[in-house]
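You will see two complexes here that share subunit A, one where it goes with subunit B and one where it goes with subunit C.
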Partner chain A sequence: MATRAARKAKKAAKQPVSHRTWALGYLAVAAVMFAVYQYALPWEGLPLPIYDFLQLWLPPSSVNEALVYVICALGLNIVVGYAGLLDLGYVAFWAIGGYSAGWFMSNFFEQWKFHGLSSVATTEPGLHINFWLVLVIGGAVCAFFGVVIGAPTLRLKSDYLALVTLGFGEIIPQIFFNGENINGFNLSNGTKGITRLDPIPTGVKDLGPFDFGSKFVVFVLLAAIMVFISLQLRRGRLGRAWLAIREDELAASMMGVPLMRTKLASYAVGAVAGGIGGVAFATHVDGVYAERFNFSISIFLLAMVVLGGMGNVWGVILGAFILAWVNSTGLPALGDTFNSQFGTEVDFPSFTFLLFGLVLILMILFKREGLIPESRLRLVLHEGDADEELKPAHEEEK
Partner chain B sequence: MTLSNELVLDATNISVQFGGLLAVNDVSFNIPKKSVVSLIGPNGAGKTTFFNVLTGLYKPSEGKVMFGDREITDLPPHKIASIGLARTFQNIRLFGLMTAEENLMVAMHSHLKSGIASTILRTPRQRKEEKEALDTAREILDFVGIGKWASEYARNLSYGDQRRLEVARALALKPEILLLDEPTAGMNPQESGVFVDFVHRVRDARDVAILLIEHDMSVVMSVSERITVLDRGEKIAEGSPEEIRSNQRVIEAYLGKAASEGRGK
Partner chain C sequence: MTQAAAVEKVAVRQYKGTPGQIRRRRIELTAGLVLGALVMVWIVANLINSPTQFAQVFILGFRNGLLYALIALGYTLVYGIIELINFAHGDLFMLGTLFSSYFITVWFGQETSNLAGWLTFFAALIAAMAFCGGLNILIERFAYRRLRRAPKIAPLITAVGVSFILQFIGIKWNGSTPRNWPKVLPQSEFTVLGVHIAWNTVILLLVAAPLLLLLSWVVTKTRQGKAMRATAQDQDAARLMGIDVNRTISFTFAIGGALAGAAGLLYQQTTGTTNYNLGFQLGLIAFTSAVLGGIGNLNGAVLGAVLIGIIQGLNDGLPIGLGQKWSQTVVFTILILIMVFKPAGLLGKSTTEKV
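On to the complex of A and B.
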């Protein structure tokens, strides 16, 4: 029995598709999509039905938006999937990252003038810093707030932690929402938001809001960097400590793992990803609007992580892409097709949350480990029903 | 078996109060270097509470704990663990979804240095550190006799091997003291016998002092060099196994007063 369990475990541990294969697949898909957007779509010889099909079902802007979700979901995965800390306020970091872009890449602060390696004309007022530097700044600001928010919060356990993070996820966007006049200082321009952001300088050309193809490459690159960071950290000292905390917090502390520091590290790294995603999102929509950073985004991101497979970056990418696409394109496009086909007027996008709720329930019932599970979890969640023998004998006593 | 005079741990006048309950009352206890000592007592005697004071999980209401020259009374558990006090758990608490070697490498966390940046960049120092940690982990697993399960998930190991893995994980902390909380719970007499030899082997090869909490008297008597008996939070006896075996108060505590008197007649 032991050998059989061992063999099965070994299979589960070693058989999954290697990270290298996944990475190559990711890059290959990205390359094909880039070719389609950059060359096939503008090509006049492209047959009209194909053109219409792509524009309806896979428009470049929705793909780019999905990639922003991918970046953020990868960050949330470090907190929720790796360290096992339930965070319901992740949108706070997305907002902070977004406003970093708004502050440092626009004419918003007219009273000041600073240009940092920006490609914008030097006569423009406001703070104009190079997009790539703003990514770093946004990440750093979020890491700082991650630590500030995390230090008091992470002392709490499970449900309490979730509730307090939920609170912070409401507070931070509210500050921006009402931040039009803080003692006469306009922090966020309130509901009007900050708009017209600087283009992304690439050395070759500046990418404005409508350079979907080129910005696609930028976002693919950012997501790839997040994947790289996640994987490297996971297979190191810190990643092991996160996993240990997820498994058994008390035992981890008794083995010399400092709980607060380790949890804070996961929170901060996750926050950096949220910040980078926020900056990317701001350049994607060419602006920052306070009302977009609401609670449902936190839940949406959490659903992506759960759907894809907590703890597995490739699963999270898939989960994030699918949900973001369904939300922005899939449902509306399906609705259009359905309505024009049958002459009805069903408002498909209004069923979004019904659908997501259903997906979550079905996932929890039938595939708790997600679409592409972490190999470790697959071991646990499916041994009971598939093969009684796998259960170690002493477990049954419990 | 003479005990060294040099103490590796010295707890003096420890009291622990939970509300109105005095769980541990003015207990002094020390561990000589490289010794094997035991803490016994009936259920509810305060053994585990005392154990938790040593490992930093509870703060004593009175008294202090010295580890060598350093006071550890108010240190957090992870700090105490990292300076050399490692423990196992009565009900096995391994990281089930991590492999045996990963379990050990978690315990090395406080001895490793690589941070976020060096881990992401895989600097040569980080690689070297990881490799050395892995080698040490495998060496310890070999030492406790489960080297062949190094890359097996902890939850898949047999019960006895999980117990061994717990000891191995504690050893990975490079402790000076190893605290074993009922390590033979769930073992049959034969396994317990093997375990007694194992404890001595660990002590001799790894230069650690060992403190045992144990219920199995045959194990306690054959493994310990000194036994301390707690009853209702108080220390009622301390001495060699022979002394403890014939101590009147110990017999009373375990069997009740009437029984011990009957025995005296």
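On to the complex of A and C.
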């Protein structure tokens, strides 16, 4: 009996991951949201209260922005949730992705002229490459930087790694911030940023900055690709190696997991997601601005991963949606409503720091595994707790 | 002595690690020498180019280095005892600057340098140290203590969260833009060989140096210091020896916080400005200093901080240099280079990872 059960388990483990269930649910939710934003919102017959409610509490731009955060949070989840490495400089990849879009999809480099499958008029100066190709370029550039920064530092202890990434996350945006004149070369246009990006070509029509509904489809598709990659990698050889390293690095290396290569892979995959998110964000806001890539973004993304549940794809998506919405729409809208109701002047958006700080602390203290926990991680994260209970009672009193 | 033992002795002396380790050491040495040589060339070029200005920015950098040392010690003390990078420490320093500003200017109404101003300054020094020390004890008690045995990523994330909450307090207290304050320290300066030295630099040195000596005395000579070193070495063994580990860790946080408070007052009085994100910038610089000197090593933190202060001062102020807008980049590049080539720092012992 036991052998048969074991064989059955083995067979189940060998079977390819079934993506049908989640794909259907995902598609259904995306279709409903698309219908609401593309058809219901512009519809004349929509009752005014519902229209106002949607515009105040769930405007289309905030949903799209949340999707960008979802893409990046899923990438960070691979580094933090799967491989257990703390990355505090994720914003660097976001910035590199953003500037890839800025460089290759605008008139910014006026001195050069190159058109790669782009839909803009061929008379335009600058580099114009198709959005879908830029996604690949941005991802590749980020993967390259991920390996460059990861290779020398991943040997270090985990807390040192957090700092090196933090330093990296400070240097890259500062380079873009000061990059107006590097030996006479204008790399990033400094604080003015790069504006007016090319529309996204889809074959049917070109999506400009205000095509929220159609761009929603593009972002949903990108997020779906990230979900697919996350789930597929998680079940595969690489994913199991990541989990092994997360749970016990020493044991994993004894079992023959190549530590450096595996960690580097997680770093590179995470970086690719950051790059894709950066390109998507640049098209979402139709520009790249150096001062937007600050340390808070790294921490926002970390808070999303921690809130939703490290290592769990659905948890991370939920966390990213909740916090991105709160940050972009929830707090300002709540503030407006509250202030007009009670005649006060409370500045709600200034509470974001408090909110994100509390999310990080309270989740780690009381629900370390997140809103939607990953079963294996719960065991690991509460490893030390049993020891605590064994301590003599008078220790706890103090 | 038998022949076998002699052979063994020779063999032991000749073993210098695996080929990989030898190659690594060689790369580290070469990289270190090349970098050192480049820095020397840069410094000498500037020294010949403009000696007075060099001395001027050197002194300014040294002053900032002392401030960084006071902050860096807080990082290194806490890391030494519980192996936690206390991300919130820089923000504690920021609250120290705000507390000092309010104490001197708003609560006691001192705006000029006179006797009352001096008295308030010293009262503010004690008050700011008590404020930040107490706050740090509370942070340890409520945020970090429960996580002492949790996986390492958990307290790190919590520290980032605490840092955000302190920044929030900073925004609410200070406002989101930098604020200027009157200074009660004398604003005059004196000239030695054509080099202008501000009096507040001297005062900063006179306040910071005794604090550093006091700390060194507490850690090496007192009973409490002995308990700290024991706890840092092995918590469980220390507990078995009858040391109250929780109290010792609280004490360590209190000292670190008090030094941050003193640094806060000195910073506020020498520059006259406060800003809510000051803690993030200076905290990272101070942390880099602690790492440069060898984290966990008190002398190393001071040495590293002074070095970083001087390098930053030279870079910011000298005619041949990258200038102030690349200041952060220079410091973080140093951080990354040390992490990569010499994680143990200048004075730290290289330790193998405990199993």
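As a convention for this text, the second predicted complex is superposed on the first by the 354 of 398 C-alpha atoms of A that agree within 3 Å, B and C clash if a C-alpha of one lies under 4 Å from a C-alpha of the other, contacts with A are read in each partner's own complex, and residues count from 1 in each chain.
Criterion: a contact is a pair of C-beta atoms (placed from the backbone, for glycine too) under 8 Å apart; a residue touches a chain by one contact, two chains touch by 3 or more.
Predicted, not measured: the structure shown is a model, and the values here were computed from it.
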Contact-wise, after the overlay, does A:223 reach subunit B, subunit C, both or neither (first, second, both, neither)?
neither
Using the superposition on chain A described above, determine whether A:324 touches subunit B (first), subunit C (second), both, or neither.
neither
Subunit B versus subunit C as contact partner of A:238, first or second or both or neither:
first
Touch test for A:120: subunit B only (first), subunit C only (second), both, or neither?
neither
Who does A:250 touch here: subunit B (first), subunit C (second), both, or neither?
both
Which one hits more subunit A residues, subunit B or subunit C?
C
Go through the superposed model and pick first if A:141 touches only subunit B, second if only subunit C, both, or neither.
neither
In the overlay, answer first, second, both or neither for which of subunit B and subunit C A:101 touches.
neither
So, does A:265 touch the first partner subunit B, the second partner subunit C, both, or neither?
first
Dual-contact residues of subunit A, meaning touching subunit B and subunit C, are 250, 380, 395
What residues on subunit C touch subunit A, complex-wise?
83-85, 143, 146-158, 160-165, 167-168, 171-172, 176, 244, 246-247, 280, 284, 287-288, 291, 325-326, 328-329, 332-333, 335-336, 339-340, 343, 353, 355
Subunit C touches which residues of subunit A in the complex?
80, 84, 86, 88, 152-153, 156-160, 162-164, 166-168, 170-171, 174-175, 178, 250, 295, 299, 302-303, 306, 350-351, 353-354, 356-361, 364-365, 368, 380-385, 387-388, 395, 398
Contacting residues of subunit A [partner subunit B, same complex]:
2, 5-6, 9-10, 13, 228-229, 232-233, 236-241, 243-244, 247-248, 250-259, 265, 269, 376-377, 379-380, 392-395
Can you list the subunit B residues touching subunit A in their complex?
55, 57, 76-79, 81-82, 86-87, 89, 93-99, 102, 105-107, 109-112, 114-116, 119-122, 126, 130, 149, 151-153, 155-159, 162, 169-170, 173, 186
